[in-house]
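In the two complexes below, chain A is the common chain; its partner is chain B in one and chain C in the other.
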Partner chain A sequence: MIHDLFTTILADLFNPYSLFLALTGVVLGLVFGALPGVSSTMALAVMLPFTYGMETPAAMTLMLAVFFSSVYAGSVSAILLNIPGTPGAMITLLDGHSMARKGKAAEAMAYALIASIFGGIIGWVILVLLAPVIANYALKFGSAEYAAVVFFGLALVAYASSGDTLRGLAAGAIGLIVGLVGRDKITDVPRFTFGTADLQGGIDIIPLAIGLFGIAEVLSLLTRSDDDASQVPESPARTWPKWTALRQEFPTALRGSVIGTFVGAIPAAGSAIAVALAYACEKRLSKKPETFGTGIPRGIVAPEAANNACVGGALIPMMTLGIPGDSITAVLIGVLLLHGLRPGPGLFENQPDLIITIYGALFVAILLTALVAGAIGIPVYRKILAIPQRLLTAGVLILCLLGAFSVRNAAIDVWVAIFFGAVGFSFIRLNIPVLPLAFGAVLGPLLEENLRRTLLIHRDISVFFDRPISCVLIMVSLAILVLPALFSLISKLRTVRQKTSSGV
Partner chain B sequence: MKLIKTLAFAAMLNALPTHGMAQSFPEGPITWVVNWPAGGGQDTTSRLVAERLSGVLGVPIVVENYDGAGGLTGMRELAGADADGYTIGMLGSSSVIQQYTTDEPVMMDQLEVLSFFGPDPGALTVGADTPYKTLDEYIAAVKEAPGDVPNGNDPPGGASYISAAIMESALGLELNKVPYGGYAPTVTALLGGEVESATVPVPQVLEHAAAGDVRILGVMAGSRHFLAPEIPTFADQGYEVFAGDFRAVVAPAGLPEDVAKILSDALVEVLSSEEFVAAANAAGYMIEPLGAEAASARISAFDEQVYPVLQEAGLVTNPK
Partner chain C sequence: MSPTPNKDQQPDPRESLNDLIAGGLCLILSFGLAIYHTAQAGRLHEDFGRDPGPAFLPVILLIALGLSGVALTLRGGLGMWRRRPPEMAASLFSLWPAAAAIAILVTFLPLRALFGAATALIVIGAALALLAGRTETSRWPVTAATGALVGLGLFGVFRFGLSVPL
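Right after this comes the complex of A and B.
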């Protein structure tokens, strides 16, 4: 019986039509994801009308292919242009673009691809084997745990961001304030909208990131007098890293993948938290944390493995509970609804063939992404660097503005992007890191909403310490924030004491 | 070859409506504004209709999602579009409410109603781990500890918040209304036990009720829900509570009469077709195909029902 089921499903997945759809999806995802400002959610929303007339398995095959490959491709613009194609790629640019500047763009993309595929497969395996178990744990994540994990994420970003801690904290605080703009999530009252209706929807993270990273990058390129010096050098043809080098990154990829899958499985946690966690975890474990951000493979492998493992993780609540974990799986649930299927806990019992088809389709999507991106994607993406700097800069600027507009079809988002372009540019000049600002704007509203909701329900702040998960997370966060300062204080005291004692 | 082309042209001419000046409408693609992101209820229902409306009108219908400001961004886009019939969109109950609760809202007189889509009645659902087995038990427990029982719902002004407020006002209850950003997180919180009850529409909780994870204690409608005929309404149990969401198709106000009629007739044709109703029902949506006038009457009736509730809840910042 099970054998029959598998043969039919294999026949379903590996027929020319399905493979053609998966291939189409992968190619489109590789294009959409690499464009600055086109998020995976948008890529899926664009593809949605094409699934109307398809059978459900075909529709899911196409959508999952777009989903997975666009999540990977977000790293491409991060590495080549210093602009994250998707929010999940915001960390990748730290080491990815630094590596590209050293003339190793193709190698950076190869690391990103290998880590993405690895993360995708680990996420897939955990999805297939453990989905129901993890889903039950994910449900235990109430507002208190959620607030704690966001707090943890913020602590990690503060820890992971390089440079002056004080400047990093200041940038993070500005990000938190930016996150306050728009309607209050709890009372629905507009805040910091300056009386305009346009800001009631808040500051969307994508135009913000486009401005902070993309437009700021364009501005700083324009201000450099020497055109050639600012050009990211073309990358040599040999693109694949050596096996021995890859093997060293294996533990990193594994840790990143596991973090990505679990964070992805928590409804609404999202890849931004997962990549921050994975990166900070590696930096903490590394013997040379100061090398992070200078263009090392580990700084690409960790976030990319986590980012793509999130795909499998995000499908866990959708498959087991029928709950969309994020805006991307919400579109997938929309596809199922349009095909007359109501996803819910009964899906496993009532539609086992659909479940297995979805698992199979995701696996095919991962394999095809590896093949297409490896064989065609990276060589083509590499050509972007051959474009003369002044043309590239103009093209990027146009893409940035279009991308900002298309997120919500709103003109205000273009102004938001331009404004944060100016902010990002002045930050670069003032030597203030921009990453904490972006993460503050993403995580701040989540922290505020969940903190206030927790207090609305439990009416007492002690709840954060009564619940084990949130208690542990808060303790660890405080340790991360306080201990380094404490240690440096102790070592300073010691040197002072040694000096005084030796002086005597 | 030439013959085929001629025949095809003749067939096309025959297919065009031949009455009045609107025989040229529609000539090109129509934009369908959805004021929520892709994949949600407003989006799914819109796409179900748009796909088939395109077949009836013979032009492409492009669904565009305008996310933001609790749906207001999309309504603003719709109300601000040219009133030529080439921009239409889906209206939900929250847009009626926002007239009174938001700064710079879109007023209903800026929109022209084309057809009703259907109601999406609210329901009271409790978690399987809560002690409430019946509606009576729940009401008694809430009355005993006013303001203590956490109920998951939208932020103030959203449909499931208003359902909770209507229930509170009709039954003299006081809940701890805990806001979540949409139905999915509300249901997650109910399943995880963070809230004891939720006032989201029936389709959102039906599969979880079938799995035994939640109990639906009552439906806030005049008749039972077609997907769950075994669940009694509030009225069946002696409580007069009618609340929930609804959907209607609208255009910017000032549409030429004949264009409005073409759109309205085409919508009613789609909404009445058996194939459409089967597809919408399978996705969990109740269909009630009503033309422009009947739909406007339904929306006005909702307006009159909800305004006093909003006043009582202290939500009115923009009085009538």
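Right after this comes the complex of A and C.
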């Protein structure tokens, strides 16, 4: 199989048609992914009609190239504009945008690219070698485990985001409530819709993220004093980090990639949980956890490696079981179905050549993303920083309006973006972390669905502690939430006791 | 003799005020949504048998939000105790550019309905560029014109490049 795979990769690289399709996909993915509001799913959906007349391998080559490169490009708007294009890029902006504000935007994008390529390759290797094994492990996840994973993800975000924990918990609760707006999926009963038809379908995460991160950031820049260096400074000439600096980030990239692949393989868990887990893991292992969020490479490498490793991970349940892990793989399944193919175990038995072609196409997409983004993408993206502030501000705010509108071509999404822009700005002024709100909104529906399904099936909340995976996840989540506060309290009590005994 | 707390160890009055405001907002939000949620007619509060129902998680979250609000208010109140509140008027006045930007953004949909998306974006682009470039030395007609061009350019990208029906 390995021999066939290498032959396929070489054939793709030297076949002008395949190379043209992969290159087109990569370039389009890099453009679409960098535009706020234009998600990987939208990029794939836009490209879908072009695949109707293609052969299946050609269609998958184009779509996988768009998929992988747009996932990387989501980090560009997060780093340059503080607007995450996808939930997977929400953690990247913590250190990525902070690094850009220090005048190291190009270096931050280079770290993101290198970590993305590394994560993509690790995810690809695991996909090729271990897909059936991981698919079996992912199948062991029932509703109790899903609910526990979501709770775990929320605990990780509360831990990973900077700022006060109590304010973070309040923001998380607001986010979860926002996630519940709209018709309940099980009973079809509307909640928090205030009688408006527009809110019945719920609040989409992309306009919310555009408002919370993009509009709020620009509003914040506008209110800074005039002599303050409010614009992200242009990068110095150096883009690529030194080899010694890169070598130090290798363990981080490896851990992030493995986490990303395994979490990505859990259907519906998504990149949001993977990046939060990778970031929290690095923060926990670091000797200087307080530096996270201030613009350090590790804070970019961990989430970006995990985010792009999720691509390989998400393909595992899709290829082996025919289960779409998220909306992106649902579109990819659509491509296969359009060509009369049903992904799943049967595909491995009946179409082994196609499986190898898909694996090969993904690898070529990773290689071309590295080449195109490295040679053309970063130099072009960094030119954005040379635009005068008045035009950048106007451009970013208009981009936010159009990006929000283009998600569903709905006016309500523009209102949502503006409203959450004002909310995010208030949060910045009040020193409330914004990230828990965004993650709460992403994970709220998933938490509710699985929590209720578990209680519906098992009737008893003790089921979460009877099942080993969910029990471990809940225990670890509680430890993450409680232990830091407990240690801080003990340390304060110790200080007070020492001062009392020394008579100070 | 009990230790006198060092001035540095006392909470920053601005942070205490933030706690107080954040706590108050959380309480208003939780009470407001709780009243709306409990008063909602229809099937929301019906018994769904073994399913805890669509009201289950919202109630838990509203309680959690309310408790967070109480905790933040108490912490803020204790931090502000016998301390002079920080100056607010100047801080509030400094927010006018953000308020103006939101007001400009809010006009997008009404302008789009009246004159079309291209005109709306030209007007909004010019207004935002003037707002952002208010301290720059360039002449205002030039600033407005370049802002309008940005609006028109982005309209072109989304309308014709991405086929978004603006």
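Some observations on this one:
One rule holds for everything that comes next: the second predicted complex is superposed on the first by the 476 of 504 C-alpha atoms of A that agree within 3 Å, B and C clash if a C-alpha of one lies under 4 Å from a C-alpha of the other, contacts with A are read in each partner's own complex, and residues count from 1 in each chain.
As a working rule, a contact is a pair of C-beta atoms (placed from the backbone, for glycine too) under 8 Å apart; a residue touches a chain by one contact, two chains touch by 3 or more.
Bear in mind that the values here come from a model prediction, so they are computed numbers and not experimental data.
After overlaying the two complexes on the shared chain, residue contacts for A:L451 are found with chain C alone; chain B is out of touch. With both structures placed on the common chain, the touch criterion links A:P289 to neither chain B nor chain C.
In the superposition on chain A, contact of A:N409 is made with both chain B and chain C. By the touch criterion defined above, A:R167 lies against chain C but remains apart from chain B after alignment on the C-alpha atoms of chain A.
Contact with neither chain B nor chain C is seen for A:P241 once the two complexes are overlaid on the shared chain. Within the superposed three-chain model, A:F141 lies in touch with chain B and out of touch with chain C [touch as defined at top].
Looking at the shared chain after the overlay, A:A45 reaches chain B, while chain C stays out of its contact range.
Once the two complexes are laid over each other on the shared chain, residue contacts for A:T187 go to chain B and to chain C alike. Once the two complexes are overlaid on chain A, the chain A residues touched by chain B in the first and by chain C in the second are 184, 186-187, 190, 409, 456.
Of all residues in chain B, only 37-40, 43-44, 47-48, 51, 63-70, 72-73, 76-77, 101-104, 150, 155-158, 176, 178-181, 184-185, 187-189, 191-195, 203, 206-208, 210-211, 213, 278-279, 282-284 touch chain A in the complex they form.
For chain A in complex with chain B, the touching residues are 41, 44-45, 48-49, 52, 139-143, 182-188, 190, 193, 195, 197, 200-202, 204, 267-268, 317, 321-324, 327, 330-335, 337-338, 340-347, 408-410, 449, 453, 456-457. Chain A meets chain C in the complex at residues 38, 46, 166-167, 169-170, 173-174, 176-177, 180, 184, 186-187, 189-192, 194, 215, 218-220, 222-223, 225-226, 388-395, 397-399, 401-402, 405-406, 409, 411, 414-415, 418, 421-422, 425, 429-432, 447-448, 451-452, 455-456, 459, 496, 499-500, 503-504. Residue ranges on chain C touching chain A, taken from their complex, read 1-3, 15, 18-19, 21-22, 26, 29, 33, 36-37, 40, 42-44, 48, 50-58, 61-62, 64-65, 68-69, 71-72, 75, 94-95, 97-98, 101-102, 105-106, 108-109, 121, 124-125, 128-133, 135-136, 138, 143, 146-147, 150-151, 154-155, 158, 162-166.
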